[in-house]
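Across the two complexes that follow, subunit A remains constant while its partner is subunit B and subsequently subunit C.
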Partner chain A sequence: MIFHVAKKEIKETFRSGQFKWMFGIVAILSLVAVFISHKHWQEKNLQREQAQEHARELWLAQGATNPHNAAHYGTYAFKPQFPLSLIDPGVEKYTGISIFLEAHSRNEADNVAAADQTGLSRFGDLTPDFILLFIVPLMIIALGHHSITREKEQGTIRIIKTQGISNGQLVWGKWFGNYIPIALLTTFLFILAAVFIQDFNWKFLATMWLVYLVYFAIINAITLVVSSLTSNSGISLVMLLTIWIVSCLAVPKIASSYTNEKYPYPTRQEFESAVAEDKKQGIDGHDPWSEASKKLEQETLKTYQVNRLEDLPFNFDAFRMQKGEEHDAEIYFKHNEKLREVYQAQSKVYKNLAFLSPFLPTRFMSMSLANTDYATHWNFADLAEKHRVEMQRILNDNFAENSKLGEWNYRADASLLSEVPDFQFDAPKFNEVMSSNQSNLLILTVWLLFSFGLLFFVSTRI
Partner chain B sequence: MLHAVNLTKKYQESLALDNLNLSIEPGDIYCLLGANGAGKSTTINLFLNFIAPTSGKAIINQIEVSKDPQAIKKLIAYIPENLVLYNELSGLENLEYFVGLAGMKYHEDEMVNFLQEAGLQDEAFKKRVKTYSKGMRQKIGVAMAIAKKARVLLLDEPTSGLDPKASNEFSELLLRLSQQNVATLMATHDLFRAKETGTDIGIMKSGKLVEQLSTEQINHSDLEKLYLNHMNS
Partner chain C sequence: MLSLNILHETRLLSRNYWFISLSMMLLALCLYAGHNGMKHFERRQLDLQAAIENQVAKEQVVQEVALALSKGEEHPSSFRLSPTNVAIATGRLATMPATEMSKLGIGQSDLYAHQLKITSREDLATMSFNELTNPVQLLFGNFDLVFVITYLVPLIIIAFSYNLRSQELESGRLKLLASSPIRTNLWLLQRFIIRCCSLTAILTVALIVTALWIGVALSSQLLVFFLITYAYLAFWFAISYLVNILGSSSARNSISLLSFWIVIVLILPAVINQAANSIYPTPSRVSLLNEIRETKKELSEAQDQVLDEYLRNHPELIRNEGENAFGYWQGYFASQEIMEKTLAPLVDAYDQQLEKQQKWIDAWRYLSPAVLFQDGATQLAGTSSKNYNEFKGYVKSFSLNWRAHFMPFVFDNKMLDLDDLDNIPEFEYRSSIGASGIWINISVLLILSVLMALRGLGLEGKRQLL
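After this line comes the complex of A and B, so read on.
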């Protein structure tokens, strides 16, 4: 009986001019969004690959050089562009894609796309995630707001009620009738994206598709709840549009403002002065006269039981440089951990506020599965820092082991540069992503059960 | 087949139906006459279980309507004044849908037979209902009753607004169903049609059944006089 109702709803929907226009427009938008995103994705990917290759070439092209000069010359760590970022670019636009790796400093990510755009970027880009998160819910509302109210307004509900079908069967039939065209549209968009994307992981794509289907199932249920409770299609539409504005626009902004207010990040100036202050307390690799350097000198002489730095079996200047690097790395680690704590506190509040709207857990999961969320960026920045520390160690060790004190004109063989490995950042594993999204999954499940429960309850009151 | 036993409906202080007693046997066409607000539609709604009685019983086939509405739905067919159907579907598809809601499934040929039996022109079967006249829509309602094998027809002013030809065709359909032992309760303002089609007539005023008679007992003009007497008293 449920599918009998659903079949009729789908037949009616596909025949209505309103749906044909709506479906056509959304399908064209999806096509354009995927096409444009793919074009941008390819361009950016090519630029990134070329830049990465070029950076490596420049690094190796230094030839025989002083290791510390090479350390200051530096190189870049590039964040790879993951395939599913074509569907959901997440926070990529704001986080930057490359980090300059050099001696003594942990740099922030650079090449922030948003910084290169004009004020028009405030309007946002036409991307598949925009269609999925904002446009498709509107389409569900447009299709479903009069699903039950129209039966009441026209009087067909009286005929239906005399036929023997239960209210529950009628409502669930209508739920499927509205949902199936939307599920088909969503599937079309994902298939389209899959055709364009190459070398993607099916598990990630299929899970992202399922997450959006759950999101739409919730919105469809809420739409039918409102349509069941109201007796007028106009009122139903206004109520549902209000719900859409609150859940898709207001709640994310309120959540963002609230978390920033409750757990604010330090300003760049505050962060840098705190780092500089702590750095002063330890060894500066370039300052042999500081108290910390003198202390290191004494300790090293004692350890190696020699009286002069010249008698050490390594170049103490390079050794001090490495100790300075290690100290700096600790300072950066400490201050970045503080930032991470703020990020984690913000994330926690955000996740708790996700109960307010199914939009938030869907948004988080979508970004996470596309590897375009903040967590992925943090991992990239951490890994780039580890790479930087390791790079400095290789260079300083070579300098220390192959030269004498004061031998600043020492040149290491060009092969040393090849010993510094290429930076490699891989996408997190599927299980890791799912495990870090347990709370989002839970909230989406709660929303699904709640909306279905509500629909079941109101179906008894038509 | 269809009985009202001291059936009463009150809305706060207003008495919509006052102690109604009537019996309709299989094959009977009982026409309820009366002005607007006399209680005709309230009576139909009580038999449909759209509203609950304040007291008394509405009984169909020995089942009290409010006690087992699901069992009643299998027996009845309802045609309102304006049968609204789904405009984007054809007559055949509308019939298939509504009959399906009653848990019945027929082959397309059988559906076509039902529509033919209801008097709908063959060329209209597959046309979208938005092109149908009111009379054609009412015929879909009759086809629904035939397909459902309804034993009771509840009609709420079904011929209101129909042209005389369509109204006459509708009456003929009711007579054909009556010959198949379908019991019909019809609320109407059409005295002529009630006399022509009905087997029994009940006149209602202010929620009360003030007159009951067989159509064989009275001619057209006497019925009109009787009706006006009651309305003016």
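After this line comes the complex of A and C, so read on.
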């Protein structure tokens, strides 16, 4: 019976002019979104690959040079563009993509794309995730808001019931009838994106596809719940749109405003001042006269049981430089950990508020699977810092071991530069992504069970 | 007919629980959005205050050293008066204070920094204007008054008016009305105008209560904000009026109006923005990074020639102290200027593309009244892209002046004294963005509303009453 109802619904849907228009518009928007996203993705990918290669070439082209000069010359770490960012660019537009790795300073990621765009970009971009997260739910509402109310308004519900169908069978038949065209459209969009992306990990893509199917299943169930509870299609539509606006637009914005008020980030100026203040308290690699440097000098002389710095078996200038570097790294670590605490507190609020709307867990899981979420950006920044610290250690050690005190014109062999490894940032593994998204998965499952439970409940009340 | 209509509508509205509850909801939404705007404003002010205090403390230290030296005393930190120390370590703070109107629309203010330390070491090509923010917040946006009016108020209008004619048509009363000696479309227009005035009054009360609560003083800008809000409201009532006349059933009207909402508020802004980015793509910033490094390297390898070239361009800085009079910093600043000149075409390309994107959006914004409203409202709030581009321009220009001011001291190897400290350039940002663009937006919204109303009236007797 469910099958018959679903078949009739699908047939009716495909026959309706309204559906043809809607489907046509959404299909065209999807094609345009995938095509444009692919074009931009390819351009950006090429730019980043070339920039990464060029940065390495420039680094190696320094030739024989003083290791500390090389440390100041520095290099760049570029965040790679992951394949599924074509479907969901996530927060990429708002995070920087390159970090300058140099001596004494941990730099923040820069080159924020949103800063090179107009204010209109805050309305959103025409990308596949925009269609999946905002437009497809609207399509589900437009198709399903009158599924049951129409039968009530036209009086056909009594005729249907005389056929021996139970309320449950009718509602589930309607659910499938409304869901199958949407599932087909979603699958079409993912296949289209997969054809364009080509090189991707199917596990991530398939999971993302499933997450969206679950999201649409929830919206479809809520749509039918409202349609079953109301007796007028207009009221059903207004109610469903209110739910859509609250879930997809209002709740994320409220969550954002609330989080910002409760756990604000320091301003960049505040953050940099605090770091600079702390840095002053310790060893500055370039300042041999400071109290901290003098203390280090005395301690080193005592450890090596010599009276003069010249008698040390290494270049004390470079040794002090390394100690200064370690001190700076500790300070940056401390302040970034504070920042991380704020970020984690904010993330916790977002996770808690995700119960308010199925949009939020879907949004977070989608970004996470596309490796375009904020957590991936933090991993990138952490790895870049680790790379910077290691780079400084290699350079300072070489300087200390191969030169004498005051020998600032020392030049290390060009081979030293290749000892510093090329920066490499890989996407997290599938299991890591899934385990970091346990709460989102749980919330999405709760939403699915809740909406289905509600649908079972209302099916007894038609 | 008008007075009867007013009486009838007022009675209907006062007995309509939806209207009363939606009005209460509107007030609650405005208050909550206003609260968010106020908190954002307060935080901006506190951050600004903290940054200013921090800067004043730094400048105070330099002043104290200068004062001691001017009295002929010795000071262990006399190095603080070196031009490089004042120009780089002390620097100047460039600030963009928040206006009271920014409580109404957060706009781009969560993306950009409002206090930047200007130092002579900063390269224009790599200057960053971004604030430290959780990007998820930027992605979701803020729940402010501009959001409430742009997105939510049109839906309230739709809910209030989608069935004003179709309800009469469906119940058969419209035929009865048509048999009376009145023009039904004029009668309908009057109902729409009465409803529009009622909602305008409620929104005005809600906005005034919010403005009083969050502390936005009455100003010409606030009045213009009210005007653009009214014009936006008028547009949505007008489109609903036309749909009512053309539509044959309440269900169809609601679908049509909501489709318009989706297209105007969601799809068109995204399409216009995407088109702007595709037609005028911003050049690659990542490629620029390597260009900068390469140029810097070349200049550092040819330091002597760089200094010679720089002095040829700045003969006023030449001193008769022999070739070796100039050291690291002179070479550094000379390289910096030459590097900026070399990279200027590349750096300017970004600003030019952004300008072209803005022009494209300015030209196509008329397609979406939501964009017209948002553009005007954020400009009034001082948080639009235009405001931030203007601020960036001020900062870049001040940065050049700041550096130029210290060059004679650097090349003279001269320490600064108390008088020199008094003559250091001050940063001042004054927005000169006029309201002409906003008046155009208001006019377009009103013209569209009037045209739709006239079209509706022109269809009198041309629609079936079945």
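Simple rule for what comes next: the second predicted complex is superposed on the first by the 462 of 462 C-alpha atoms of A that agree within 3 Å, B and C clash if a C-alpha of one lies under 4 Å from a C-alpha of the other, contacts with A are read in each partner's own complex, and residues count from 1 in each chain.
Note that in this section a contact is a pair of C-beta atoms (placed from the backbone, for glycine too) under 8 Å apart; a residue touches a chain by one contact, two chains touch by 3 or more.
Bear in mind that the values here come from a model prediction, so they are computed numbers and not experimental data.
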item	value
Combined model on subunit A: subunit C and subunit B, fit or clash	fit
Three-chain overlay, vertex subunit A: subunit B-subunit C angle, C-alpha, nearest 10 degrees	90
Partner chain in contact with A:Leu249 - subunit B first, subunit C second, else both or neither	second
First, second, both or neither for A:Gly155, with subunit B first and subunit C second	first
Contacts of A:Glu261 with subunit B and subunit C, given as first, second, both or neither	second
First, second, both or neither for A:Ser231, with subunit B first and subunit C second	neither
Contacts of A:Asp125 with subunit B and subunit C, given as first, second, both or neither	second
Partner chain(s) touched by A:Glu108 [first = subunit B, second = subunit C, both, neither]	second
Which of subunit B and subunit C A:Gln163 touches, first, second, both or neither	first
Most subunit A residues touched (candidates subunit B, subunit C)	C
Partner chain(s) touched by A:Arg48 [first = subunit B, second = subunit C, both, neither]	second
CA minimum distance (subunit B, subunit C), superposed complexes, angstrom	17
Those residues of subunit A which subunit B touches in one complex and subunit C touches in the other	none
Contacting residues of subunit A [partner subunit C, same complex]	18, 29, 36, 39-40, 43-44, 47-48, 50-51, 54-55, 58, 73, 76, 78, 90-91, 93-98, 100, 108, 110-126, 130, 134-135, 138, 142, 146, 233-234, 237-238, 241-242, 245, 249-250, 252-257, 259-261, 264-273, 339, 343, 346, 350, 374, 377
Subunit B residues touching subunit A - in the complex, by the definition given at the top	48, 50, 70, 73-74, 76-78, 80, 82-86, 88-89, 93, 97-103, 144, 148
Footprint of subunit B on subunit A - complex, ascending	1, 4-5, 8, 11-12, 15-16, 154-156, 158-165
Residues on subunit C engaged by subunit A in the complex (per definition of touch)	36, 39-40, 43, 47, 50-51, 54, 107-108, 110-117, 126, 128-144, 147, 151-152, 155, 159, 162-163, 250-251, 254-255, 258, 262, 266-267, 269-274, 276-278, 281-282, 284-287, 289-290, 293-294, 297, 350, 353-354, 357-358, 361, 370-371, 374-375, 378, 384-385
